[in-house]
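Two complexes follow with subunit A in common, the first pairing it with subunit B and the second with subunit C.
For the complex of A and B:
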């Protein structure tokens, strides 16, 4: 079985080799483990890009292969980040609070430690009580399970409601966008239990780890590369078998698949939940590298950008999603980071920080109109070139 | 004889002395006499001591009193150093003052400034004088003075003003002022009348009134104060007896009150125990317990108990002792007003008022909901054409609204007159967004008909680009789009229900749009052709209709309406590049909830979403973000039950 699905997707081996080479090269040139040459912040950017590639794979599965344009997968991504961020913040604050209380003459009781952590974390939103959603935040194992379970459960409930009432096409897109907006607005409140618009911060500091950021960034790069590789193989496996054929059939003609006797809704729901979980794992790896997560991260526009990456990379092929996410997010970072030189036209200076979004938006229109296969379409051109 | 002579001499002498005196100064008038009786306080008034003086002056009932009081407050009363008499002074030449007698009003002398001393009452004293003056101003011939006096009473009501106010009512000629006087008289009666029956009658009379002033007069009467005593006192107007731990009064709060009132020892808190333990550390031990063991509350308590037993710490006040101390006392609330009959009537009146206020508030909420609904309707009506009729998902619709608002802003920069600029801006905004819509239809959407997901993506791209363009041109800060002056203010039905004129204008505009839409779709050639193309483009083309042209015009029309909506929304919200994206999700929700392809559906959808959002906001007023969250969740659930919206098209028109 495993031979057959890799044989069907020769890109898997090429991709894994490329990913391994990339990781090796970054490690060799990193400041933490290698000869130096790549700054730690750039290593973090590369690590974050790998996570974005993973969520793009999830998006490609649900959109490119199943035809469901979900505008909510970045919400799952953000939720994953929140779940891991809760443990990071709790554990790190616990160390700080215990250290501070140990200075006193009398050793603290466990209740005093918890109260101290509560005040430290929720002081910014005028509270000191732990909301019930933080119940598992003291346990890394449980919280890591929450990374997958919470977004998975949300996707399961939402998907069940949406698919069973046969909401399809653009209606589903708008509905997923509404879900994202509702979640973002809810998290923006101070009494949401996740620190309102302050979000969770200081996530780059691993509790109990004294290694420098130079080293930690490489660890996260490895973890992200491993997750991306595993996600790619999983996605390739999923789309190659019978399950893959059914979901492609749903994309091309849902009614016909239903008439053939397949439970279309169950297939869609399974895929929706699976991709939400993949997105959440990507988010859980992304935000410790970013250092902070706040509700603005899961605003509807973020999910739209996710669709933009996949469309530019070329949907319906896994490497297209990876290429699109890596290419667009790195170019965006380059342009919006102020590194691109401004162009002085004499009467007007084009500042890329201002104009990049315009170009991105218009290139999106261009890709949709004239290059629906995206960057991945270039590979088709090469292939046909070889044949002829 | 000699004796007689002597007597005569003495008489003459006496007479001469009297005459000599009257030549030097005339006898003081009645007001001057009153003033001289309090000369010291009048010359150097202080806020604490002057009230009896003012009362005495007013009580004299003399005719020149108001004139004197206002001169006094204006700092134009002078005291002559020579004899201590008070005059109203006026500067006639440099450093020379003409002195007017306070009684007769006649100028009696012109004196150099150095022989005089000016009376300078401070602002506190001037306030008291002004209050004393009010009763004279109430009957002033000038209506403006009377109105000002009434305003002064409203600002600083007092018992002293009740009688003069009552006296001035029968003579009042101005009907408006008469109504105000009567109303203020009722309010003052509630607060200050000595007759309990009159107060209760006034309270009952005003109990149906929604005015804020009535509640302001009643609330201080029923203000409550929490007290503690060993047994319930007699003769106090007690509102309620409270039991600690039940209702609003917590055990902690009750004990804190007891600590403050009776000086009993405060409850021993964990922090106090910790502090005492920390103070008594002796070589790593506290009362024989190692410090390291104090990670447990129970260990701490037992160590503290040992310390207390040894007399090194105050005794432990635990829950049982707190409870027994509380049991010995009774906690009760007293009314600020000692008269029980008055407070009972006031409570009854307030509860009947609050029922009526509640009714009116729900009316107000209804108006708010309608106005929010009309804003959503305005934002969604263009979408009802492009999405509802043509089936084109235009995610840049919000940016068309934004373009309309910015058009209004630019027009206002050119035409400063707000009325004229709005009149120009509305057709201009339509023209701009119509052109933009037509351009977009020709360049992008035309190639993507029947590929809705691609349309959605491409228009997203346009939306991103347009938003950033607006940011580049106009900056990120909000731009003002000012409404004309005649739209300022609000239509206040009473003190509770009011609606701003802008919201009424938006409501009217929404109605006009509805009418225009219905006219175009049902009565015009374009509407007929649009409906034909929507239902069956090939058949329509066979009938000689050019579907491309119709699609272009219809899309332009929808976009143009979005532009006009943008002007209206800009009037009431700030114009920013994010204006459109704030409305886009709600607009789509409105159309989807209402039912695609039906204008009445959009109307119902807007009504439902507006009412829902206002209703949720009312339940949780501090949190409008939560309201939006719950509303979206509600809509997601609603779509479960009516996936095609409130008004679903049936049969072939439903398409699919």
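For the complex of A and C:
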């Protein structure tokens, strides 16, 4: 399978080579492993951007290839972050609490340690009891499995209900928005068991690791680059053969695919669940680099931005999604991070923090109307240029 | 149901908002038979196809299929298609974004479950079959082209090719000759007559000249039920048929 599939998709090799080169360059110029030049916070931004590219690939699979405009994939991204965050917070607090209690004359009992951890983590929401959803938080392996299982199960149940009832188009988009909004509102509650609007914090500190953030940031960059590469190859495999034909068929004429005998609903459900899992893995790598996750991260607007990235990058082609996510999120960081100089017109000062949103909105409208192929469409121009 | 019946529709009625689109319709076809269905607009031809293919559920009546007389009414569209009912739409519906060869490969009879589709990679025999089908419908030299670039007639044939690729036992063909040139029509007629030697083919058609060339039994629909059935000369001589359809 692999030979013919890579041969049919030369862009996969080009992409992997580019990604490897990028990772190598960042490593060489990093504070932790190289000669310096790139600040650790910028390395983290780049690592996070790779995670956003991965979730954009998931979005492109479900929307660009299968035509399902999900506006809820950031819910899965966020859930992935929460799942890994639970272990990070538990394990790190455990070390701190054990250290503190060891000062005492009598060695602490395990119940005392657990109570201590509970007070540390949940004191902020006025509790010290571990909610039952934290049952596996002391095990890295189980919590990593939950990174894919919890969002996967949510997507499976949601998708089964929606696709079975043949909810399509804009109605499905609204339903996915409702899903992510409901999840965010639930997590905002203090008794949700995930610390309400405080979210999970201190995630950048790996328990039991004494290496500095300069080094840890590069580890996460590598892990993110690896995940992005693997996700790209997986996505390219999924869309390369007959499966790709069928899902593109579903996008263009769902009824026709059904009359060919394909169980359309199970294809959609499988792809919806798979992309939710990819999004969750991206989130699980993103939030340890961001350091904090809270329910605001999965507000409906986040999933809409995801669709905007893919649209600007060019949907229906994997590198388009990657380019769109990287370009828009980096530019967005630049504008909203205060680096862009304000422009004083005398009577009015253009502050990019506010005006960036307007530019983004306008460029989305422009791309939709005049350049539906997005940034990725530029490659077609080069190709046709070569031919003639 | 007799041994010589592939599809038996009996006493089927369906109404939309009080309008009876199909009214106590009965219809039978043998495993290898060509049948033309004619009737004025609104006679229920498309609704009839929708019922057989599972798109519309009738209010009453039976639709039985095959030697074992399975009811098609409890099955969804995809399951009915897998059971062996193929449908060609009036407007050519091919996947314009994909090549002729991809279109045919997708239609090719094979396991339709997502898991086996995911791991499916065309073998030499699959490619040969695609080429064979393309030759049958006159598209052999168009295989690598995007379906969207084909002419209207070529798209119609591609869709017929896709229908054949499914290896159905019953083909429901809605106005295959619409928008075709005289030569293309002739080719289409030959193809349908040939296919009907081994399968059941139902052709819905407006064009009487085309129906005459098919040279087969004709069912005339009117207001959702069968008005007359028999040879073309027989039904065209029927005063009722002349009154509601041909006379105008």
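Quick note on the criterion: the second predicted complex is superposed on the first by the 388 of 388 C-alpha atoms of A that agree within 3 Å, B and C clash if a C-alpha of one lies under 4 Å from a C-alpha of the other, contacts with A are read in each partner's own complex, and residues count from 1 in each chain.
Note that a contact is a pair of C-beta atoms (placed from the backbone, for glycine too) under 8 Å apart; a residue touches a chain by one contact, two chains touch by 3 or more.
Just so you know, these numbers come straight off a predicted model, no measurement behind them.
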item	value
Fit or clash - subunit C, subunit B, common subunit A	fit
Partner chain(s) touched by A:238 [first = subunit B, second = subunit C, both, neither]	second
Subunit B or subunit C, by number of subunit A residues touched	B
Which superposed partner A:69 touches (first subunit B, second subunit C, both, neither)	first
Touching partner for A:363 - first (subunit B), second (subunit C), both, neither	first
First (subunit B), second (subunit C), both or neither touched by A:311	first
Touched partner set for A:258, first subunit B, second subunit C, both or neither	second
Touching partner for A:246 - first (subunit B), second (subunit C), both, neither	second
Contacts of A:266 with subunit B and subunit C, given as first, second, both or neither	second
Overlay on chain A, subunit C to subunit B nearest C-alpha distance, Å	5
Shared subunit A contacts, counted only where both subunit B and subunit C touch the same residue	none
Interface residues, subunit A side, partner subunit C - complex	1, 4-5, 238, 241-243, 245-246, 248-249, 252-253, 255-256, 258-264, 266-267, 270
Subunit A-touching residues of subunit C, taken from the complex the two chains share	53, 55, 76-79, 81-82, 86-87, 89, 93, 95-98, 102, 105-107, 112-114, 117-122, 162, 166
Residues of subunit A touching subunit B in the complex	67, 69, 104-111, 158, 161-162, 164-167, 169-171, 173-175, 177-179, 181-183, 185-186, 188-189, 191, 300-301, 304, 307-308, 311, 354-355, 357-365, 368-369, 372
Interface residues, subunit B side, partner subunit A - complex	274, 277-278, 281, 291-292, 294-297, 300, 393, 444, 447-448, 452-454, 456-458, 460-469, 471-472, 581, 585, 588-589, 592, 623, 625-626, 628-629, 632-633, 635-637, 639-641, 643
